[in-house]
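The same chain A turns up in both complexes below, where it pairs with chain B and then with chain C.
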Partner chain A sequence: MNARSGLRLGARALRASTPRAPVARPFSTTIPQYDQGKHTHFGYETIPEAEKQGRVAGVFTNVAESYDKMNDLMSLGVHRLWKDYFVSTLNPGATTPLGQPQKILDVAGGTGDIAFRMLHNAHVLNGNPNIELTISDINPAMLEVGRQRSLALPAEQQSCISFLEANAETLPSSIQDNSLDLYTVAFGIRNFTNMRAALKEAHRVLKPGGIFACLEFSKVDRFPLFNAVYKQWSFSAIPLIGQLVAGDRDSYQYLVESIERFPTQVEFRDMIVEAGFDVAGEGYENLTGGIAAIHRGIKPLR
Partner chain B sequence: MKIAANRLRSTCTLQATARLAPKVCAACATDQSRRFSSLKRPPPNYPGHVPLTRVERAGLAIGSGVMSLINPYRHDLIAALGEATATPYFIYRLRDAMLADPTGRRILRQRPRISSKTLSVEKLRQMPPNSVGRAYIDWLDREGVSPDTRSQVRYIDDEECAYVMQRYRECHDFFHAVTGLPIVKEGEVALKAFEFANTLIPMTGLSMLAVGTMKAQERSRFWSIYMPWAVRNGVRSKEVINVFWEEELERDVDDLRRELGIEQPPDLRTIRKREREERKRMKEMQSHQR
Partner chain C sequence: MATALPTRTATRCFRTTRPRTCNQHIHSRRAFHSYDHPPPPGPFGATETLILSAAYKHVPEHGFTHRALSLGACDAGLLDISPSALPDGAFSLIRYHLYTQRLALAAKSSHIFQGEDAPVGVGAKVTALTWERLMANREVIHQWQEALAVMAQPSHAPASLKELAMLSDEIWYLAGDTAVDPSWYTKRATLSMIYSSSELFMTNDHSPDYVETNKFLKRRLGEVQSVGGALGAIGQWVGFTASAGINVLRSKGARI
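This part shows the complex of A and B:
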């Protein structure tokens, strides 16, 4: 047990110093090590698993600066509606446990879109400032954008936030088991090298009764005509806008390809259930015909 | 005097029409019309190649055109505009012009690249004064730029034509050095006018729209001095795309200019400096009067 937590700390130090190199842990077989022979997808490319993290880091470092402007252009502003709705269904601040702050972790939330909405929801709409919100992201550039933007918040909201640079597949031990009330990930999980590991980590850190909520791009298979238009927009217009506005066609080509490779609503729901969560009804809710979908799961009490 | 001028004018028009006369080019004969959708692009013809559909090409042309007019510092968009508007016909014509010339054919066979890696700056500085290489490095130093790697060509489908466009892009600084035009907007537009008259690349012609964004004084200078210079020299000179710059570095630059048929325009930096000083003096006089 001690060896394992010691290794975790060592791993975290290693990861902090060499964010792009695959981490080798000489004495451990329990912590997952990327098999050099195994491959994964990076958009439509197939690359060794160990490379994916660095490649995704490259993409998001490039897009960090113009992230907000590009999001507005790509989704024609609709992403704001999705995020507003996502946070309002979660309603942070209304479900604070008695006598303790509501502990929330927003994963891959570097620029703070979801986190700031959650703070507003709790402090302003529910009048409940008793929340502790951690924004984590694997990419320091995105996290820096979030930090800059958080400076514009009211002081009482700023005091609730902390920033954490971490890999969602192996969260640091500073986030203890069974400690969180709410775990959110918005438009991040499709970039993870190992989604199942991230889901398992989410299961570990949530309290029994805690909620896992994921907002992600999904499939529009139910409406074929709309789907055709959507696909054309994704593959023709979005890389073009990326070229014109951000000067970077390749990052946006990767983004639309990663959306294409993401599992369907049902497949992803099954992965969430496999990780140990319970889902209500279908387990997902489509937005804008399925362009985005909210997946929610609850960690069972026993 | 008049007879000589007439003869010059007739050679100019003869060369101009020869340049424009469409020949049946190899690319027109190949099957480039296979339609595809952006969801399933054909495999790339060279590293970095992105085959574009016609709608995407039009979108890129219009978008990059508008945005580079608004922000002329977006070199990547100017480059993209060049690539998006190069087909049909124009880049093939340029490639055929290279094929028609022995040096051009050698360039196409050897495919030399110009970058800070292939051209050693120290060697250039040691070249004899008034050589092409020395003129080039002096111009680079004067303007404060480097033979940096230009952006890669991505949107031209034919692999050889992609190299032709890349070569044009990388030679652009040599054109600056031989003509002496600076990198300010005025100088770039004047050089683009020359390049259009010489290479007929549509982007260079479209850059003339930037004249509308220049100041009144600059615009009048352009119409009275630089545009006539550009047309006259661009049309009568040999195709500058066929110059093997790497081999001409040691040569006397005036000799090369004579061979190509290019005369230097009035030095733009001196004109601008003089104008700035005059404006300053006028302002001082006005403030003294008060």
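This part shows the complex of A and C:
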């Protein structure tokens, strides 16, 4: 109880300092190249582009610790199935001949949810320990959660992971052009200030034939009735759960608003195509009627 | 990158087109046959075709599996992981087989219908084309039971049935059938049934040149003709009796 109220207090303090005005911005690093006049959205608010990164950082610093518990409550546990499915369709580590190295970058993967599954898939299911996995996140708090959790993994799996604090829109030069087999981003791209820049960057770092795979909340437009129930749940229940469990309503209000603002399956697919990827078939796959969707792109040879 | 864009606009599935064109439906299909317009592009895009055509060569050895796909991707200069972009995994490879063999039938038909022992009449042509399509499975027949199991999975069954329907439509079309009465439906339904059962028979057929399958196919087609003929005769009789009955009633003064 003490711990919780402590967390809540901490969260409140952080929230208070989450910048509305550009004066106090604890987690923001104002990026000079962004045009100050450009605006982007933060949930339903419209804010200067330069400010979004800091605001998102505030949200995820707030939610980092209760991340798993909240995900379970909000999605009724289904997020685990989505993530399992996401990783099993990519099937990392399935190489011929077995043991060929595979380089994977998991962007916005701070807590390691996707990365650890991929490790399991490669090491245990495919018996291929020769993969290199970089977990990248812009937020050190989320990355710290992942680092802590990775200590529970078997040593041989731990040795495959490296952590990287980086902005997905401008990946550091340590990740070279045409160097990756697989680029994944799960429930992260929604929060990027400039998604197109991140997609271009993904295209840059992938080898020809490399896969861009994105798991993200999407639209349930095809089923109006289900959509109504889902909207009711996300706008009424999720902020409430956030308030009760994590002591932070605003962060979860942001979450549902940002889901609402995210482009539709087709629009996002077209963004992927525009960034230079090829898509197969429709280019996306709906999960649970479209609450989440998997988008996959392949970097063509030319 | 940008310079590569215009060349790819032709393929609709693996598209690298501008957003405006992206809003069109991704599978540009046409519900009719046109002599005046080129056929719409197939359901597979550029990179997808690259992977699938290379993987198809590995099917006789490895079956319609992920392994064949990833071997194919490596042959094509891509990566082991590249096939995971395909939406249906191994089923994509099965669909590729069904699709390419269906299209190949048109070219084969002109070959079959020429020469001295060319089949005469729609019925004989249908038999010849169905047999030709069955023979297209010859290379992969030992993997076909597994493929049928994949095709029967609930998530793939609609696509498989659609492909079957399109195959029987193709056969009737190539055989020169132009009927537009309700028999349009029954013809396609029965041919689909016969084709799929012959295919199943063929997976267990070890006779030389699949003569048993050939006999099986001919028996089934013969049955349909005799049953169809009997049904037609019954229909004719019912129709005649009904109109005669009405005429008798009219002659008695009934106001019908």
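In this text, the second predicted complex is superposed on the first by the 264 of 302 C-alpha atoms of A that agree within 3 Å, B and C clash if a C-alpha of one lies under 4 Å from a C-alpha of the other, contacts with A are read in each partner's own complex, and residues count from 1 in each chain.
FYI, contacts are C-beta pairs under 8 Å (C-beta built on N, C-alpha and C of every residue); 3 or more make two chains touch, one makes a residue touch a chain.
All figures in this text were calculated on a predicted structure; none of them were measured in a lab.
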Chain A as common anchor, with chain B and chain C clashing or fitting: fit
First (chain B), second (chain C), both or neither touched by A:Gln232: first
Touching partner for A:Ser159 - first (chain B), second (chain C), both, neither: neither
Chain B versus chain C as contact partner of A:Gly247, first or second or both or neither: first
First, second, both or neither for A:Leu301, with chain B first and chain C second: second
Which superposed partner A:Gln148 touches (first chain B, second chain C, both, neither): neither
Touched partner set for A:Asp278, first chain B, second chain C, both or neither: second
Touched partner set for A:Gln176, first chain B, second chain C, both or neither: neither
Partner, of chain C and chain B, that touches more residues belonging to chain A: C
Where chain B and chain C come nearest after superposition, their Cα distance in Å: 28
Chain A contact footprint on chain C (complex, rising order): 1, 4, 8, 13-19, 22-23, 26, 43-48, 50, 66-67, 70-71, 73-74, 77-82, 84-89, 92
Touching residues (chain side chain B, partner chain A) in the complex: 37-39, 50, 53, 55-56, 59-60, 63-64, 67, 74, 76-77, 80, 154
For the chain A and chain C complex, residues of the former touching the latter: 89-92, 94-96, 100, 102, 181-182, 203, 207-211, 213, 266, 269-270, 273-274, 276-283, 285, 296-298, 300-302
Partner chain B, residues of chain A touching it in the complex: 231-232, 235-237, 240, 243-244, 247, 249
